[in-house]
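Mind having a look at this structure? Questions to follow.
Per-chain numbering from 1; labels A, B and C assigned in written order.
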């Protein structure tokens, strides 16, 4: 099986390790991964801020870049939701049904929940809003995490509540955004987990920024990097 | 002509007001406690009905169908109310409605009015308008009473005094009740039962002597001319039953076509609103009845910007709203910002889409409301008439961005510049290389990043982009 | 999206606001998609069609919202009513037109008929009211009054502090709201009651007893 990796602009520029882990995971599961070089940004930041006209060329570019692929996989719930929920309004309806968030692809398309990962740490999982309410990922990410050897999953209180990132909300309404983020981190830290796992690096960028400012004993980590780690190739840095 | 009146003076933009509210520890604790209590109970009440999603869809369909044929249903409603002994008035805007009500009150010769909690009359600033005409208005809903006695502003659709805790309410009652009528007894405690008893005693004398009442309505049935008020305390029953004249001010969108349509909303509204299978009291009346209740009934049908909302294909879904306030109770932004930050009688997610549509987006507060959301979608999920609030927020943001104005000109320039790079993968790759190569030189808090770095670190940039890694390792 | 209502000198007696609003509505929806009538594929009832089950559920739901519920047959009703009134110290009781007089056969409380009719202040000085009902809804624990025989004007069952309401089982009990509405005449003044007066206005905690009757005693009058 061959898939196109839709790495997303944030992962490309800021979190390449997530993209690399996604490639490693998919290849380990026997999938051939392609990276269409014409991809840049799906247009979500522009669209969500009210700049539809500025989003449009990026929507067209993305649609063209992935036109030839049957499966498009992305390690970002919010970018997958953008393609699925909002591209039709731009007249680009073909891409949505072929676009999968990573955990959705692994569980639903590959039919795998035990990906053979090894990650000997305590983890709590924050289900980001787009994955939870737009894509309806449900317990797929947690099922994948539960099957990881060595991993102890701690339930996150108030898990379904937004972390406060919200794209430009994080700067337009910084005070409320920070208040939400701090509450999320307090809940996560309260579980005693060493790792705060998510499936959207934009949320983790916000939470990670607060964690570092507070010097909280938590490491934000994308689920791809946990699922990508094995005993032969363990996660590089100890959380 | 001024914009549509929503009963509030001008307010600072949302980020400013919300930013201040976030640091009010008492407010945060009050709101957190109240919203979490009700949201958990709502989830239980909704889970009792296996067909909830179908009821929600039927509610959406009924509302959409009504709005599509609203002219016809309003005419039918008018005929039915008139045939049942009521009088129907039409108010194009707030001034219109206030003048109609003031004239009706003055015609009775009375100088006092008891009021059932109503969003429509708050929206038009009726109390202030009547006060200007020398008419005293007594709010009778407990939370409205707390707001009125405290010279405060409502902060929640269902529970306007949600921002007050029991201790604050006791202090307001002790200090103010005596100035309006029967004083609270000495030694009033902060026990909610004690506070409710104080309200009972304070208001009872007003109910018994009231000759004129003003109400809103939750629904109006076009085929029968029946109005419906949902309530809990019995103050609504008092106002709807004891006075001789009843004046109901109701938004035109509160119409439903048939008596049978109530079977949906009688199931979805109480569970969404107070998380009850049914609220304690629901009153339904059709015109007037000899020997039972008011002898004169006036219905004031209020537009006040609703027809403008109706003209917007995306925005008109906001008119489905049945004012249950479930969206407020699940909203993480509302929970932290509080209702006052929304600068309108309609706070929370529904307010963020209703207020800018009713008032327009010219003022700073109104232009900031569509951005008062992370688009997390919790509001849409609980809405009993399936208003896609995030969708309408995005739609309104387009209008604000197109309008430009404070903060949006620079934003547009930045987004356009970024778009230029993002539409050229070669330029993007070069830019990423430049950024990562110089990352050691980046300041911890680069200029313009203050809103981010005020409480957060910026991410550390990687040694190379994914694009670069791919080129070296896969192709 | 500027909201600028066209200026015009409308007055409350002028028909212009009416025509203006209707014209605006027609213009607003002229291009709108069709919106068909609802499909109504929701349930008619959430419980089995079984009178005993409905009775039990009504009992449970009434109790859940702090009404006190009794079950009795006709022979025991006067004694029960007398006991309930005595329990609350009620010495006077408002009696709606058409209430079966034998229901009050065992109580010493002063019966106050509404032929006068009773003024609001007289009602406020009356300790209790006894009424029948139009019907009761099991799923929601609701009693519906329609001001019919034995129920009286709305004020009667509102102002006194204790309301004793008699529901005939199984005849007056329906399972659900959708089954209730066809049996109710919307042109009558209606009051739906689900437990005693309550408020959630203080910290969203429910407290029973504000302006309406603070005590609701429901008597399920069983046949036989």
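Quick notes on this one:
Just so we're on the same page, contacts are C-beta pairs under 8 Å (C-beta built on N, C-alpha and C of every residue); 3 or more make two chains touch, one makes a residue touch a chain.
Bear in mind that the values here come from a model prediction, so they are computed numbers and not experimental data.
Any chain bridging chain A and chain B, meaning touching each of them, is missing here; the list is empty. Set against the C-alpha centre of chain B, every other chain centre is closer than that of A. Look at where the CA atoms of chain A average out and do the same for chain B: the two points lie 33 Å apart.
Centroid to centroid, with C-alpha atoms defining each point, chain A and chain C lie 52 Å apart. Taking each chain's centre as the mean of its C-alpha atoms, chain B lies 27 Å from chain C. Residue positions 396, 399 of chain B are each in touch with at least two other chains. Within chain C, no positions touching two or more other chains are listed. Note for the complex: chain B touches chain C at residues 1, 3-4, 30, 33-35, 37-38, 48-51, 54-55, 57-58, 61-62, 64-65, 67-71, 74-75, 84, 89-93, 96, 99-100, 103-104, 140-143, 146, 159, 161-162, 165-166, 169, 192-193, 195-197, 199-200, 203-204, 207-208, 221, 224, 226, 232-235, 237-238, 240-242, 252, 257, 259-264, 266-267, 270, 274, 276-286, 289, 291-293, 301, 303, 305, 307-308, 310-313, 315-316, 356-362, 396, 399.
Across the complex, chain C meets chain B through its residues 1-8, 10-12, 17-18, 20-22, 24-29, 31-43, 46, 61, 65, 117, 120-121, 124, 137, 139-142, 147, 153-155, 158-159, 177-178, 181-182, 186-205, 207, 209-213.
Put simply, chain B touches chain A in their complex at residues 14-15, 18-19, 22-23, 28, 332-333, 336-337, 368, 370-378, 380-381, 394, 396-402, 411-412, 415-416, 419, 422-425, 428, 432, 435, 451-452, 454-459, 461-462, 464-470, 474-475. Contact residues of chain A toward chain B in the complex are 7, 9, 11-17, 19-20, 23, 33, 35, 37-41, 45-52, 54, 57-58, 61, 129-130, 133-134, 160-162, 164-181, 205-206, 208-210, 212-213.
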